[in-house]
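Letters A, B, C, D, E and F name the chains as they come in the text, with residue numbers starting at 1 for each one.
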Amino acid sequence: MTRIIGANLPNIPWEDPTDESPVWRYSANPIIKRRPIKNVTRVFNSAVVPFNGKFAGIFRGETNNGIPYLFRGFSDDGINFRFDEKPLKVYLENGEEYEFQYAYDPRVVETEGSFYVIWCDGLEGNPVIGIARTTDFERFEFVSHPLLPYVRNGVFFPKKINGEYVLLSRPSDNGHTPFGDIYSSRSRDLIYWGKHSLIMKSGWEWWQTLKIGAGCAPIETDEGWLLFYHGVSLTCNGYVYSMGAAILDKDDITKVKYRCGNFLLTPEEEYETVGFVSNVVFPCAALCDAESGRIAVYYGGADTVVGLAFTEINRLMDYIKKYSR
Amino acid sequence: MTRIIGANLPNIPWEDPTDESPVWRYSANPIIKRRPIKNVTRVFNSAVVPFNGKFAGIFRGETNNGIPYLFRGFSDDGINFRFDEKPLKVYLENGEEYEFQYAYDPRVVETEGSFYVIWCDGLEGNPVIGIARTTDFERFEFVSHPLLPYVRNGVFFPKKINGEYVLLSRPSDNGHTPFGDIYSSRSRDLIYWGKHSLIMKSGWEWWQTLKIGAGCAPIETDEGWLLFYHGVSLTCNGYVYSMGAAILDKDDITKVKYRCGNFLLTPEEEYETVGFVSNVVFPCAALCDAESGRIAVYYGGADTVVGLAFTEINRLMDYIKKYSR
Amino acid sequence: MTRIIGANLPNIPWEDPTDESPVWRYSANPIIKRRPIKNVTRVFNSAVVPFNGKFAGIFRGETNNGIPYLFRGFSDDGINFRFDEKPLKVYLENGEEYEFQYAYDPRVVETEGSFYVIWCDGLEGNPVIGIARTTDFERFEFVSHPLLPYVRNGVFFPKKINGEYVLLSRPSDNGHTPFGDIYSSRSRDLIYWGKHSLIMKSGWEWWQTLKIGAGCAPIETDEGWLLFYHGVSLTCNGYVYSMGAAILDKDDITKVKYRCGNFLLTPEEEYETVGFVSNVVFPCAALCDAESGRIAVYYGGADTVVGLAFTEINRLMDYIKKYSR
Amino acid sequence: MTRIIGANLPNIPWEDPTDESPVWRYSANPIIKRRPIKNVTRVFNSAVVPFNGKFAGIFRGETNNGIPYLFRGFSDDGINFRFDEKPLKVYLENGEEYEFQYAYDPRVVETEGSFYVIWCDGLEGNPVIGIARTTDFERFEFVSHPLLPYVRNGVFFPKKINGEYVLLSRPSDNGHTPFGDIYSSRSRDLIYWGKHSLIMKSGWEWWQTLKIGAGCAPIETDEGWLLFYHGVSLTCNGYVYSMGAAILDKDDITKVKYRCGNFLLTPEEEYETVGFVSNVVFPCAALCDAESGRIAVYYGGADTVVGLAFTEINRLMDYIKKYSR
Amino acid sequence: MTRIIGANLPNIPWEDPTDESPVWRYSANPIIKRRPIKNVTRVFNSAVVPFNGKFAGIFRGETNNGIPYLFRGFSDDGINFRFDEKPLKVYLENGEEYEFQYAYDPRVVETEGSFYVIWCDGLEGNPVIGIARTTDFERFEFVSHPLLPYVRNGVFFPKKINGEYVLLSRPSDNGHTPFGDIYSSRSRDLIYWGKHSLIMKSGWEWWQTLKIGAGCAPIETDEGWLLFYHGVSLTCNGYVYSMGAAILDKDDITKVKYRCGNFLLTPEEEYETVGFVSNVVFPCAALCDAESGRIAVYYGGADTVVGLAFTEINRLMDYIKKYSR
Amino acid sequence: MTRIIGANLPNIPWEDPTDESPVWRYSANPIIKRRPIKNVTRVFNSAVVPFNGKFAGIFRGETNNGIPYLFRGFSDDGINFRFDEKPLKVYLENGEEYEFQYAYDPRVVETEGSFYVIWCDGLEGNPVIGIARTTDFERFEFVSHPLLPYVRNGVFFPKKINGEYVLLSRPSDNGHTPFGDIYSSRSRDLIYWGKHSLIMKSGWEWWQTLKIGAGCAPIETDEGWLLFYHGVSLTCNGYVYSMGAAILDKDDITKVKYRCGNFLLTPEEEYETVGFVSNVVFPCAALCDAESGRIAVYYGGADTVVGLAFTEINRLMDYIKKYSR
């Protein structure tokens, strides 16, 4: 029996499985469809967290000029969302508004009483990690660009480890990134970062041969940190993004205890196999309820919509261990 | 209020919009489906014009050996077409039949009492613009290859400017062309061409980052020349073709008065996102009715079918200006 | 009138055509859908043969870690298959089990009283042809790696020619192979191979411009050997695989008597145009009934499912000759 | 016996051959070495013509910021040159100075009483042909950009043909151009151009497999137009530029009477094999003396220096014919 | 008059100029030739500092298996060096020897009483910056890997700025890096780094179009920090590395006061144009004498040898300003 | 003490070493310079064998059209060669002359009383191994194309192993081959080949990272078969070819007993670093004298000339063992 360490979330979105899959899709997927906001053509890779008994989220919205920005959304049930019509505003220490060139693939992590938004920011036209902080989902303060370019897919651990914030990220290059592994970096103040370590390399299993990147913030369990991540395969018709999982050691998060050789979710449904970028399943956030062991994963489908998938901690852990290499 | 300058076309294909989109699709799309002609597997990027109170068109038809040729078609309503079973014949000045290696992406423009077909011709295996002329859609005479290779997406202005024919085109390279901008060239006799000018470059907006090319023949309005064009984005799974629009200055067509930063149409429907080349919306022709301000755009979907989209000049101009950069 | 030379197969899967297409799809396609075997996400390019009055086959099954292996299946009707849950086992001469790194795209040919499985094997991470033999579909013996890397798409003629086994294959490189032609090689003992000849090059017709490879084992007719093969086109959004056919001379199989310039099948149905690798029709096996002239072709769709298509020898031969170049 | 048709040039630079080579190098090569002008690091692909009993030329000079401009030079003997310290100035019709972004690979042709400079101009960052005219080598007037991008290596015939100027050029793409053939275009006024024809394609002989481009202005002989051109081979360590020759028919310059399968000069000397771009022999100009049949070719070496090579019309014609394919 | 701020170095290697070049080569170059150490085939990009009245250095030595390591060397005159036969040893905090996979392109900076070696380290096969410290050139202690991969060309400022160490570096990708700009990062403890800023982008001048990277540690002057860096051009035969210079503002080192549009040194001598990687001038270290204003730059030639070049601060500053853009 | 097993060759070309290098160059290199044959611009990768007390060889000669053919040469001393002016003629079994498209990189091996020429042949424009046989260096008979394309660098063992001929080769692709390993194949009759085995992969040492290929025919010693081979490194300015060596087990030639991590020869001399393809050392043949242990290696320099290098068996074996990994 594996136990999630964390808060209870009795109103977590949920649907029982109908077969033995370790992870199963919500039957009413996609929960966010094309053109969900005026002048926004697609909302996909997006992050949802519990907030004030309900749900809040930061969403990647591709405006009708094709440029992505972050949008704020709220929901009562974690499934139906109300969005702002204007992109998220973030403020600098000096009170000025931070000027986005573009922004995408946000994650949101609650830690030490704040919500941190970590996204891929466009700086001088290059991808870098950006960090902002809010406590009320009203005012967002810019924290830092923690790393040099060309790094993407940043996400925090939800609590400090040995007194340090830990940031997962995927260094690569400046284009459609044909390589990438998951690294961790540490900081005491969110400004200066060091002690970088390689966590996992892209793997032999073909679905994760090309590159991998952290997805959701790690979930603490008594067996280790559960990390959902994306793995990418190269076909003669482009990339295929699937979702995998690993368990990191709690005493040393750079040690991978289990890494599931099987994907947990791969593009199969029409909203995953067809869209602006076909064949993409891209997890960015997960909710979990400690008491029931339920987990709900939000993932982008085909760079076009948002889907929801479910799992239960024991069923998942058994599967990860069974197919761990 | 913007006014289209030109003839009335009361029988223009039409359907009222159901939402506020600046351009909306015909609900019975695609109007030309797979295998529309015996031994022709797909008809897509194609050009339709009013003819004798009805409609005529030149169509790109991919025969079952994969090689594209031009086909002639007629329609009473601009929606249902009857096609010839054999590719279009074009005759040289000496009376001989012009021998096509392959031919694709035709545009048809009526000017000075003639219909000009401008297409991408295969010459020594390289892409060049070809021009032919007809007055009756029965006999087509070869006019010239106006430009050197490697140029595609040629289309005329529908009337002479300062006594000269003006040809828009997109010079690029000999393969799947990862770059391309819209240029104009001028001629007094359709044989000798010069005074080349850059009209527009591919743009910062991501849907038109990679390359752009003229679509339909420019439409004259009292505010300038309305140009529908295609813009292309590069994803890790290939190209995405969308439709945009700009307004060129009437006094100096090399001056862009407005250029809409937003696309007007991007692949969203299954007949645009799935096909021989997924994610393609490729406009080649537009009909317009001066009196009502109605415009009907013919576009290729996924290099597989032909779709129809509608707009109205005032709604469109407002949108272009609103999102002009 | 063309006659198939071979056994009768009265229980060949069959459905009458509804139009004049030279080859037509089974209306209940795909016959094998996603997740057909536990822990196998997709079964596609696969080979079926008559066996003991029913049908047996060797199937490419992509396990949930993305790595392909061979799976055995049986069927009463050639349409509904029962699969083993574990990959096929093959034994070396010394009795040890052959260790697969990965294995894909099998063909099965019955000749000289044995069934030969010919597949693309992973050897030191490189693609090579592997050959195994069985008489009972229970025990499979490893025969040889007949050729050096980097060769794929191997298939035998169903009988010896001039006392020699003849192997068709497609030499290319070690990745997603942007070129490839069909060659033949000969052997007296299945171990030593020589007398290599080029059979056909990729062709001018655009659907087979990039590369071609043998599909099903050649079918003997009184007009020559009927070879179904795949041809590949390169679009700006990746490869498109279609099915073509040629007739090889019976006196000299390196002479191509007819080669159909038209494809026989190109991706058109959703199960061919959408999937793990979009736009793939990949024939691997054909059944035929000498008496009726019926032929049933098994082909992979989109690297995701198995489809079935039908033709009749006279209709097919007429078409091949009509469009032969 | 072949006769050069044209003026006598008794003071043509000259040195007798020491072996049987069809073309031989000047023993004091290179005639222009590194850093020939203050703030100009290299002068190479350059054009020299007889002028006022002496010699004048337009030279490609790479300034110390790496950007190429045109420089004017004069010489008494055709070997030792005095250069201006500032780049060439060219004036527009309105009297303003033409603003160069960059300019390279000039040719100079005397025809109809004027000297025409044809060079590769940078327009919006893309390569296009530029044309300017002078009569006194003091004032240069801008004539036109005759063609769309992306075209390079333009050079005129030294007299009108059928009352038309004829321009040779090499259309290709916007980078280091891995392909290119020689085309001709015609004009009556140097502004409008048409009647484009392919003259020669890159050839089977390996030294000219990749691309070819016109070098010197064609030289009229009683056997046809003698065209020196460059041919390029691709090795695993980059491009190798050699010099070849062809004879174009006088009645129809698009007909190639002879084309020498052998190169005439290939990088062999240290000033050709080593430099900014190793292994380049790039002819841009030729002087000839009708009486003696002597020809002197100016060529760039390794994109770093200027060399001089000699030949005699009869020896050369014999060689071209002997190795013509 | 510009003044170098720093120590006097009366025994700086020196040779007077013979022309007006802003930077001139040592006439006895290269000072380190091929095979300078047993089992080391080439020593090139290398760093020299004053040490105990003489000179010490850390050198990139390519052993005979092609793998680069760091080697220690000493010299009385800064020109003739004695090397260790074994690669440099560096010790971890726990006393263990640091295990190098490979190591190259070292810089050495004296600051706060220590010498810091900053090099490009191979970590899991990827390039990252490594930092080590010594006070006596006998024992070297490993400090940190300050940044994530894929970053190269790291070098410190020789003193803290606002109490922080400042590291220049060039983030790029994992291969032969076709792009790269110079960034700065800051730290209080050499372990945690942040406050990253872009200093300079690759530039319009063709010699630095492709990428740029910091060379020598910045030299303090009363006009700003003098930074020698490399700039790279792409030709059809590969990369050309030249040396440039810029002056960074003393109050804000992210502000570029002057940036010389001209290179200071470009491959011209045979030991720069020919070698393992042709056409490379790669500065890694500079000595300077405050009193005389003399500067001596050590640079790698063609990835094969070490050269020495000289300049004088006033002559250099005049030149930088004159050609500053 | 290692002993060469084979014939004595007292007149082997020889020069004593002047330092401790394991292999040293002939001081009068290159022995064959540019333009050694009329209409042949370069002779480089070439094979020499003892013949009738003197020496004979087959040479790669690049004719002046850039196409390579084989040329025959004879020498009294193994250093100065007389060449035929016409390419080598080879006859088919039916008495007809074999028609070469192109031919390069020959090896010659004496075995079973015959001399076998093994070269890279152009077949349908693709590279394949060709084999011919002679006993008198007058008449050469075509034997076979033993393998499918795309295979190069074939060479035999000089005696049968277990009654079978053994051919080493390097399968790769159809262009400038960015990968390649050494494989062996076996045959009883030189027609049919099988039992392919991987001998060695390209290695971690950077000089042989990209690809490797057999050079000279293996030399039998009492410690195993000595194989000289080429290894290739990729730099940002192209490939670098060096020479390495390995010792194969006599009982099982697929077992590598020793493999020297260091190269034995890498491009250092101007005739190796500069030429048609810079930085190439390419061994194709070795002579040896059993009594003295002397070995003379013929190698191509820069795809332009032929060089000679010497070693002695004991010195070499010590070195190989010392640096074996």
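Everything that follows uses one rule, which is that a contact is a pair of C-beta atoms (placed from the backbone, for glycine too) under 8 Å apart; a residue touches a chain by one contact, two chains touch by 3 or more.
All of these numbers come straight from a predicted model, not from anything done at the bench.
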| item | value |
| --- | --- |
| Third chains touching both chain F and chain C | none |
| Cα superposition of chain D on its sequence copy chain F - rotation in ° rounded to nearest 5 | 120 |
| Matching chain pair for A-B (criterion: over half of the contact pairs shared, by residue number), options C-F, D-F or A-E | D-F |
| Reference chain D; chain at largest CA-centroid distance | A |
| Chain D and chain E: spacing of chain centres that average the CA atoms, whole Å | 42 |
| Approximate Å spacing (C-alpha centroids) for the pair chain A, chain F | 56 |
| Where chain F touches two or more other chains at once, by residue number | 237-238, 274, 278-279 |
| Chain-chain contacts as defined at top | A-B, A-C, A-E, B-C, B-D, C-F, D-E, D-F, E-F |
| Residue numbers on chain D that touch chain E, as the complex places them | 34-35, 39, 41, 63-68, 176-177, 237-239, 274-279, 303 |
| Complex interface listing, chain A residues touching chain C | 205-209, 233-238, 240, 242, 261-263, 266-268, 270, 273-274, 278-279, 323 |
| Residues of chain F touching chain C in the complex | 123-124, 128, 144-151, 169, 171-174, 179, 181, 183, 185-188, 191-196, 198, 201 |
